[in-house]
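Chain IDs A, B, C and D follow the sequence of writing; residue 1 opens each chain.
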Amino acid sequence: MSRKAGRHFLQIPGPSAVPDRVLRAISTQTMDHRGPDFAEVGLRALEGMKSIFRTEQQIFIYPSSGTGAWEAALVNTMSEGDRILMYETGHFATLWMKMAKRLGLAPEFIEGDWRGGADPDRIEARLRADTGHEIRAVCVVHNETSTGSVSPVADVRRAIDAAGHPALLMVDTISGLASIDFRFDEWGVDVAVSGSQKGLMLPPGLSFNAVSEKAFEHGKAGGMRRSYWDWTDMAGPNATGYFPYTPGTNLLYGLNEAIAMLHEEGLDNVFARHARHGAAARAAVRAWGLEVLCRQQGQESGVLTAVLMPEGHSADAFRATTLRHYDISLGNGLSKVADRVFRVGHLGDFNDLMLIATLSGVELGLRRAGVPHRDGGVAAAMDLLGAAAPEELETA
Amino acid sequence: MSRKAGRHFLQIPGPSAVPDRVLRAISTQTMDHRGPDFAEVGLRALEGMKSIFRTEQQIFIYPSSGTGAWEAALVNTMSEGDRILMYETGHFATLWMKMAKRLGLAPEFIEGDWRGGADPDRIEARLRADTGHEIRAVCVVHNETSTGSVSPVADVRRAIDAAGHPALLMVDTISGLASIDFRFDEWGVDVAVSGSQKGLMLPPGLSFNAVSEKAFEHGKAGGMRRSYWDWTDMAGPNATGYFPYTPGTNLLYGLNEAIAMLHEEGLDNVFARHARHGAAARAAVRAWGLEVLCRQQGQESGVLTAVLMPEGHSADAFRATTLRHYDISLGNGLSKVADRVFRVGHLGDFNDLMLIATLSGVELGLRRAGVPHRDGGVAAAMDLLGAAAPEELETA
Amino acid sequence: MSRKAGRHFLQIPGPSAVPDRVLRAISTQTMDHRGPDFAEVGLRALEGMKSIFRTEQQIFIYPSSGTGAWEAALVNTMSEGDRILMYETGHFATLWMKMAKRLGLAPEFIEGDWRGGADPDRIEARLRADTGHEIRAVCVVHNETSTGSVSPVADVRRAIDAAGHPALLMVDTISGLASIDFRFDEWGVDVAVSGSQKGLMLPPGLSFNAVSEKAFEHGKAGGMRRSYWDWTDMAGPNATGYFPYTPGTNLLYGLNEAIAMLHEEGLDNVFARHARHGAAARAAVRAWGLEVLCRQQGQESGVLTAVLMPEGHSADAFRATTLRHYDISLGNGLSKVADRVFRVGHLGDFNDLMLIATLSGVELGLRRAGVPHRDGGVAAAMDLLGAAAPEELETA
Amino acid sequence: MSRKAGRHFLQIPGPSAVPDRVLRAISTQTMDHRGPDFAEVGLRALEGMKSIFRTEQQIFIYPSSGTGAWEAALVNTMSEGDRILMYETGHFATLWMKMAKRLGLAPEFIEGDWRGGADPDRIEARLRADTGHEIRAVCVVHNETSTGSVSPVADVRRAIDAAGHPALLMVDTISGLASIDFRFDEWGVDVAVSGSQKGLMLPPGLSFNAVSEKAFEHGKAGGMRRSYWDWTDMAGPNATGYFPYTPGTNLLYGLNEAIAMLHEEGLDNVFARHARHGAAARAAVRAWGLEVLCRQQGQESGVLTAVLMPEGHSADAFRATTLRHYDISLGNGLSKVADRVFRVGHLGDFNDLMLIATLSGVELGLRRAGVPHRDGGVAAAMDLLGAAAPEELETA
């Protein structure tokens, strides 16, 4: 096989391309996770993640992929047979619901069309009807990675409160955290779930729970049979920077570096950048005459843009063409939208020129694959980026 | 704080120091775990681990620490209330037993004195008494990391067979695999548990199950409520080199490099090297006039040597001295032997001169800490190493 | 200072961005350069560079920047007062000429307008006039990094031969080698000069001479007083893979990796890629209504494109704008064309999407800096790239 | 070939093993050496090297090996035919003398027996005799890498002053700098020569001149024909952190990291560490019943220890044995002492346990190679190290 020259464009909606600084941090020699020097690594990671989740409450870090942190959220707080209200925003919301079922819970799934975020009104209505307060938790996906739609988490909290309902609010922000605004404490989230390989710019392998005092108390009192995922076991050693079992030391090195990088840029700048790139990507899609999957204005994601293929054209064949000819990986459509949608990731350590490269890969791929479209998507994105200029990249 | 010059000696019994080749492999850019190129990475890892476990049966790789693979072994094969026979070889056998309890199983614990491996005769006797075949599994720790004793796994299998008992044989070889001989198929193991940060020379963050057909069938039919650890979910995508959720891509890069390195040295050479270093370490301990914790001849570990402190002397104070003055991390005594024992790791990517450096760190530390001992441990180890020469390091 | 997100675009005409594989190779532990294992490293580098220069004759590798290899070429073959014929293709040809003067040679400089390569006819005419054969060498720059023009080296050799002149042919291919076609033996070059940080995709720090037998004999018999640069000293140890003084070990690791990568892609594919990218870059410049500095058709470089700024506009102010707003480094105009020209590097480890990103950085920069131009350069480049498709990136 | 397990011990007297932090720094992406961000890298390196040479005067950094900086020292200050006084401390002093001859100088070589440093009295006597002040420079090697002897540089300066002689004082401290005390300003050195791959803990590829005002004025006014090595060309761009030609960017990254590490440890601590390790190595040699090459008390090097083999035994055969069986590289004897001497490097990023490992490699090698000796060298070194304890490695 002939070598492909130049840099691969990893434009799936996560894992995002890992910055060199993080890769170098990860390649630091492993240390004694029980020794005195480790405490600094551990505390820095735990404290740092609080700043990312914007919480003063507890953080738990697992050596696992994000899927594991979904499970941790459920098994620490819920008991077999518990009813929970989940919202079908897309494929990942569905997977989390299926996991809940497998774990013996009774999820109730508010159906959605995969083209927008969770609707707080429907949640409120359902909670108001639950006069016996049988529903133990409301679970929503913050940034639905399969569709590129964002749920209004703060509004969901307001809906729960408006209904006067005691359910916990659990939020999957695996692909939202550190790319789009997320405020654990201010929004009143009880359990948040995240992973390392998206906005945190790490390889996969670490997952996170942010946990409110209320949720933690649930965990102490109940939850399901569990061991690996148990919060209480974690909380003790965590207080001094240690873990109850061997942590993912080298990924923690990378995590600390990534957190530092996020703060060097400024979290609000990070969010503004993602929002701007999302807008530019959608401008390109419109110029191509294609349709963005998310059709709820204001809920389009800054993390990724899912694009509907014209009828009769295979999204997967198109993606194979772009990979083969332009060395760019795009995300596939999942389950309900399999082969109907391709997803463009514009998250993580990313900038204007990388976005244009990405969109040009899509545009050249559309041509080469013979997909009906108008040219000019790249030009439209450039117009938007040129007009809504970033603050000077280098600021005082 | 003043910088410590030179290389830290990470001589705990895992994580072992990660070779530069592996660290560089881990620092390779993350790739699309659903893309066509990933299949090669995944298949190489899965096939490679078969060669390390010496099995033709199934391997499962988790993004988790070894503790997770313990849980996976239990939740895939056992059901709530199931009785299992476990053997108290030390701290880790005890932890696994406690985990089983927490998961709702009914472990029966054969008591041990922490100074040797599992005794097959006692296992056989117990199984013979279990005429109703209520015991569903026998669980032993291959290399007990807390004590430096090795259980005779093949003999445990023979004991089970001699008793005509259908129990599964589950083996924790977290710290044994790839350092001392382990033969999954030949020894008739049903589930083996391992982790990345010991003989596999990786950072922590990957764990493994090797699974016999019999155990896999148990998993398909039953087991506990589970999601993250489910074998059946894994088996499908694994067949083509993929995983049901995001795998630990960068650690998999490192795993493939580490497996290649093990085969470049030759697994049998790797085992011989560890055995030789174990013998040299014990020669040093005897010369110091100290006592090796393991007192079962033939069951002393090549992975680590646990040393009893003279009465009235704190092992932890001694370890703090060696760390502070000689920049070497030794393992601590755990639970029953806390502060009574220190553990010298001599596993992973290691050689004669590194062992002598390690033992000299202990000897100099004993002097500095004022621990009663005779000098000459290093000299004794050198005598053994000089006499029982390694085959030339560089061979055709 | 706020962190700039994403990858910096290093689009100067060298150093080119170093591929991760090469960076990892360079970070391998330094070895004993007199030990038995080093021979393989040294021989691989020396043999590998023959394949890159396309020669069966001798290669010398210096720990130095390319400037050093210029000096080596002159001091090994020429004596004080020797007359040499040099050709003013641009800034670097001028610097080489000045170096020759400082070293005591008598360079004769054929004036050029910096807008094309060397003209073989003028060289031939001058050599025919040199009936006494006082000119000892003809020196041309293959790819003039300051202008983006390529000299027809094979035609220069033909001109020398047509004139029946015995002068040596010396060629600076610092920025041409491994990006555009170069054939040391076939073209009858006597001394070629190159460096590591351009098409070879390494950091700066290694330089090269390829040397014909005829030139090497010159060196044995004469040349100037010298020590570091002496070929004869090198030739002996080189025969077995060693060097007379400590070589640049870690850059040699990287060199061997880079040579492997070039051959994995195929040198002819590498050349075709650069040519294609040069054509696309020029299409963009034309679409912007700007002027390419090189105006000799067929001599435009595939390595870089130098662009004339509209009158009254500062190229350096424009470059500062692109760097500040779009995190892309462009090359500056040098001496005669200082502040009049900016240079776009498209060499080394580079691909279509990176080129589009680069050109979009220029186009957005032109807008932001208020430089008069037409939009559409990126679109024009995409048209060319989309039409003249690369062979599938992944071929059998 | 079977893989050698564990870490290779690179115990030649340079290159020394490069610390991981430095290797990671070197693997940082190359940057635009003309761009605004480079200035910080360049200035940090130039200023940092002043702190290492302990000078307020000028530093020049070359992309070259140390041999190049020898040449730079001579060609910038001396003119053809100039008489210089050099001192035969060993192989490298001899090589420098030969280089001076080749460059057209007239070196006068004070003969030495290779078993000590330069004798200031002999230098003073010779200078007093030079009543016409024809001698333009006195050149000594600070730490003679071929013998392990240190010349008393401050005393050489005093000798020159006592003789009232205007000659420049030039010092090769290639292997001394950053390992043993060197004070450019205080000792009145005019030109110092150094390289990256010894006490500076870098790979080879950078070399250094520290230059007094007096020497720099020599350079401006005279010196030989030169280009690459010219100080004046360097001085201008250096003032703002830049270089006249492409610098060795990635090694400069490493240099800045290494300088930081040296200051984190404290230069005086670095020197004390090397002195202590030299003493321990000599204790081992004496215990073996072998002879240290340097027999001038107080001039033994902390960088390396050269050891005389017993008559009739080949040092090179012994070194081949240690490499093959114990994976340790020792330095060979050079020219006059070829095959009579082996050299043990104990410089750079090194600590007590690494020294013991090194000495154990020698002792085990002596046994295996059948070299007559007494055992107990390692034990003797341990006694010394244990008694003369390092300050606690970790200090406030």
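We take it that a residue touches a chain if its C-beta (ideal position, glycine included) is under 8 Å from a C-beta of that chain, and two chains touch if they have at least 3 such contacts.
Fair warning: this is a prediction, and the values are worked out from it, not measured in the lab.
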| item | value |
| --- | --- |
| Both-way neighbours, i.e. chains that touch subunit D and touch subunit B | A, C |
| Subunit B against subunit A, contact positions shared by both copies (same if over half, else different) | same |
| Chain at maximum distance from subunit C, centres defined as averaged CA atoms | B |
| Inter-centroid spacing, subunit B versus subunit A (mean Cα positions, whole Å) | 35 |
| Geometric centre distance via CA averages, subunit D-subunit A, whole Å | 54 |
| Subunit D, residues touching no fewer than two other chains | 17, 20, 24, 27-29 |
| Arrangement of touching chains [line / ring / star / complete / other] | complete |
| Residue numbers on subunit C that touch subunit A, as the complex places them | 1-7, 9, 17, 20, 261, 264-266, 269-270, 273, 324-328, 349-354, 356-358, 360-361, 363-364, 367-368, 375-376, 378-379, 382, 385-386, 389-390, 392-396 |
| Residue ranges of subunit C touching subunit B (in the complex, touch as defined) | 20, 24, 27-29 |
| List of subunit A residues in touch with subunit B within their complex | 8, 10, 12, 15, 17-18, 23-24, 26-36, 62-68, 71, 80, 99, 102-104, 195, 197, 203-205, 224-228, 245-251, 323, 329, 332 |
